[in-house]
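Following this message is one structure expressed as structure tokens.
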């Protein structure tokens, strides 16, 4: 039996604010700039002097808050918000965050970006002891751990709970009198702290949210750290010292917004350097560079500058496609109807094209784009990928398909090149990737998690361990 | 009294198809690729063996057809569709096209892109004779003229009507047994003909629609031409020989999609050449090139290549902004909340930036972007516009604000530069523009209408004449 | 070939007000009480010092104005409104009234309740002369006649137009400086005038609207009359003296609301008298009286009182059924799932029931209700109809199905009784109907149109004449 | 400090089915007939061979299932459903039932009609032990008790939990392999069992649901009983023998549908008998009887028959009012705009009216209706209430306002009569009520709970005890 990693869990975005009369509105605008991190659902929870109110629903943020009253009712000076990634599974509103836990004596909210590796064991144990979960999400577990902790102090309960969960997590917790942010011991997920001119404190998955609301970046949250916003301002605390930075390299490669800085590195600039490095590693002849819009445009800029080849708009993405309810039928698709991407024959006709993309997952998209470019008249299409070959799943919060579906887990570069119909295929080297990103750290792999490329996970895999090892035995690895 | 040109009328997009069992669906996909030409409303009218059915509504195409039944009911093998630009005025569904005219003996549909210059006179005359209009749009006039023509033949009536209306127009008319496309004598608006592999004939405002549905371009419709699709295939006819090509240069500058070809010229390529030419005309020192997304990215590519400066992603447009129902309040805006565009400080900090934009209308947007860049740390911002200064209104179908509101109609380049807070301001020359586009024609101005830049209109202005002359007397022209 | 009278046209409701700062809101509340007269669509047109604004859409009034902004934008001190009946045909928003006609020099609105008998001829003639209609409704014709009239005076044009149209009509016309109500020469449709305590003038299809807005009834509009509301208050005028009252008896029988008064007669009271008279004409033995809810409850009260039998709630109508989007499938229906009406076995078991209904159209509903009652344990079901047998179509504004579908046009009373499975069937006599209503008039048939029962139409049938006579030849009439 | 009973909790409706391929659809139709029991929200949970799926939302059932896909996805042969009453408080979807509890090893659903009297104590205790509740509803408590029970057997856990909760409850629980219904030891809430022709078993708050889906009534669930539907058919079990029937008399008075039978008594018939008894207790002279629609029409029938006075439709309820989004402003209300109820002056003018209503809560509605009738011309209005004076709150599931707001808790009959502006006021006696209902039982008060009228509660009040006694001390009771 082959091992199938089912839609591993979600990548998401979180945002929190403390000390601003328009807390919920600013959370809205902050989340709006994080919308690329999750489109399945969104929610905001606000705290008005101890009264927590929430609105959440499935859909884009703008749909969830189409009725402005749903935002206006969220009064108060602190708030947390969440955007949720579209997983294949259950799009139930029960799973949309922030979660709100109400007790007879208190209440608190919780938003989570990441994936726990020991969620299944913890959930089993808790249920055996009478716990009832209101969602199928792992994110609720922390609340149960906090409530069941026998540690006498409030912060003690929270630290105990944070030391119990394993994996990747950036948590925001909104209590009646404080907002707490916590990051996992490897800092797998990005999380930054900022300040507004009126003194309000903010925390966000990405710094692009700070630009949007006019906040100034203070610093990124450290692995194993607890950051508390309350009436005393910011307090930094730790729940563990056993930490080592291993931030998700996919954030730099395709996930984060180009205007965000992560660990002090601007994402666009990192991508441009990856493109330039890719140009240096590229061994073929070509006439023009064409980036696949929108995520590969930075890398294409870097490749073009380094190679001296002209950078051209040889592929156009229809900006309105995202919300289209009517799709071509299979029949129409076969007749050539395509909605998302067009190749510009006026640009690529008669040219040898270097097609730059950020990554290849199953290979089907790459094959389709190569075909588009050739039909539009490109004489050669050389595919250059601004990251190494993606051959292993992620267990820390990015939804990478099963190994079975990853083309690089099952095929050599040459085979992949043939499958996608390209004239050549070049991946960026792992070293090239690490150098291009260039975080200022002494941690291994330049402070990055590159397990998707080399299968070396920075932590034990807990509940995933056994099944993962099985899967490796059943497949030949090419990397 | 100053003359105010009120939101002159709409720029729109039209699409038609003849001879395909999925006519309405293909019209949907065709219109989808024309969505950038109009977001106020959309409609499709299909002909099922003489029975015309229509669905139209305000909103984006995907909203208008959110319920798939509204598309499925549009059976038949021919169809026309329309997307409508958001004018300031009345967003009534009555004004959404295609219009459907039903008579006891027949029925026909009409879609119009453009603006008539003698609409007011014609409407007055018709109303004096008992005509009742169902919309406030000028587009209905043609139907009244056809129905009231005393010419004995069907085509005679249509030609008579087309010779009566003046200005810019691309009409699609769907009759029970034919589809007719007609273009004004100057070819102000683009209109192209294509063919699908099954023999179906298509006509579209832009060729990008052909890419999407897998159709092949045949040729553009000529000024003064009538193109008939019916059971005999295509027939070319003319309603006048008094023609001269003067296609709208703004289509190349900012309106059309980069993957469209107009008069044989690819729009992206033309823009890139404008950028390159702009680089040659630019006289200042800078470190990096930053295009204003999305419309100026082609010009920025051309500028960067020609100048040798690196092309950087110094401005980010939030791709989700378009459908957001909640906007920052004035108070929040003053606190720095901005939703549409962010400057990337990691990219522009400490740099002398050439900011490339396609045009300046009122100057307020340019001032805001210059400010964003400087706040993000740019040491100098040199604004370079990939078109000449916009100083005169359009009467042929593009909604350019009143002269009063056009900054270049009221200020010198130096004054404008100061108003927008730039370190320098460079406009592309009119000659540079014409050369960059490079249509293969002997017509004056290279076959382009450049009246927005030089005030020399290729036709009489009819109903607009008097008010236009008044407006000139009241203002000093700087060009 | 048999003659099929296709969904003859609509029954509707109109309301108008002049001289109140909340004109549109009061029109909303007035129309709300007229909602039973039409559920397909609704619209309101308001006049704010010469600027006419309108909102209309398909659906119930409350759905059309779900967004309160659509009502709030209708500022001004006069307004007209319309609710439209659900016809089988085209539920297009183009057909929803009031119509709004905009000209370069003026504008006016129009709302119509009724049906024209010469619409087809007039439309043909107008179209031959170049007219274009924006709807498939007959109601627009009047506007074209007014605009094309060569009569030099404004009121002259209107009178000429009103003398040209034939059939049943109650028109409301809202001009920039006046509101005009006009009724056909037979007064087929009800139309009443009222006054509010602040002096505002109102006009409505039914007086129940006056109760709702706190207005006082003045009098009903006379046949052939024109009533003008303007700055001078009310003016009464006439466009013809060739009149004779023949108000639709179906208004009393089932259409109007029981709390309305028509021609001075309260509808509930008239129905109760019909029930009492029906009891006198009824020849059978029974234990209890059961009215079919809701329209037959008044008649059941009258029948019970006159007969001395107890009036029981043996049938229950689900009050929430009307807006249910999910209907039982055929399979579920066969298994006994029924949503609209339930028989109360606790009430009817072991009883001989007189089932009172207002009318029988096709007989299918009656058959179903008889079956329900018998399944619930009724030992006998005697059907007593509080109106005569419906055997002829209506051409003046009520949507009575074709003769072919009218059970009484094709079957004797005995046959009908057998078809519907009743133990006896009794219709009210035409004389009994006329006496029960008892309008204070000398006009024939007590001022009522009873053509549905005796086939004697009070006017020529114009466009319907020929086809109607044909239909009679093909069928045996039983009355 | 006065004791305020805040919107005590909800009255709701439940429906369940076992063994039918269209389980969810039949639940829809069953709930549809129970819609009068709750309009705030609705939900259905279906069991497809162990997989539980649910859809729930705020609004009417038809709104919740406007999109038919939400019903179609609920496949499986068993289902439970719930309609929820509009409480003043939180209309959050989290509180909409059925609840769905998912565990790693199993899952089950729960729907609850009633109110627990020891909810607060139980919740405190559970939370102290780490429980987290996902709603603010009391209904979830049972699930926590079941999961935490140490009883080794499945049924043992359930029985233990049912013996722990106190108050009024009708529970439906849907497990992977069975559906369990349970009723509280006093049978406060109605719950009946039925069977369809294909053998499917059903359970419903009211028997009217059986009529709608064509099911046959078997019997009502007994107090303290557990009814299990599974592959073996029906099993009857008990969790306690300490029971005594005290069914809510308000179900007969106004809450249940007239076509339902409760404890073998038809609701319409009971109401008619209450009306007849009220006529015998009534001591005044009058001309006509007018029932307040719709809930008092049965009582009015009985009163009219017993008294010999004619029963008239003197008040009309607008059937469309319920879903209107636009309400008269205060200003318009003062001008006389009223949407819900109209008095029919043609009926009541000059008459001495007996106005029959089912109950008086605050008196404000009665005062308004008396005023309406007098303004419409009634010379005298004698108010006759078909139930005793409502002077005490309910703790078992009906939302009766606080004692402070109950007019009969604070005023004598004479004072009340004066406040509502009536010429006389007559309440039905408690004995008259009990006799009119006439359940076949030896239990005290004829098996009814009449605590609202006499303050004698059939059980201890637990969490409510202390506050209730306080409230009594502060007010003078008049009954």
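For this structure, a couple of remarks:
As written, the chains take the letters A, B, C and D, and residue 1 is the first residue of each chain.
To be clear about the criterion, a contact is a pair of C-beta atoms (placed from the backbone, for glycine too) under 8 Å apart; a residue touches a chain by one contact, two chains touch by 3 or more.
Keep in mind that this is a model prediction, so the values were computed, not measured.
The minimum number of touch steps linking subunit A to subunit C comes to 2.
Averaging C-alpha coordinates per chain and comparing to subunit C, the farthest chain turns out to be A.
By count of C-beta pairs in contact, A-B exceeds the other of the chain pairs B-C and A-B.
Here the CA centre of subunit B is 62 Å from the CA centre of subunit D.
Centroids built from CA atoms put subunit C at 49 Å from subunit B. If you average the Cα atoms of subunit A and of subunit B, the two centres end up 38 Å apart. For subunit D, the set of residues touching two or more other chains is empty. Here, these are the chain pairs in contact: A-B, A-D, B-C, C-D.
Interface residues of subunit A facing subunit B in the complex, by the touch rule stated above, are 22, 25-26, 28-29, 32-33, 35-36, 60-62, 65-66, 68, 71, 196-198, 208, 211-215, 257-259, 261, 265-266, 268-269, 272, 294, 297-298, 301, 304-305, 310-313, 316, 318-326, 328-329, 331-332, 335-339, 342-347. Put simply, subunit B touches subunit C in their complex at residues 93, 101-105, 120, 123-124, 127, 129-134, 136, 140, 143-144, 147-148.
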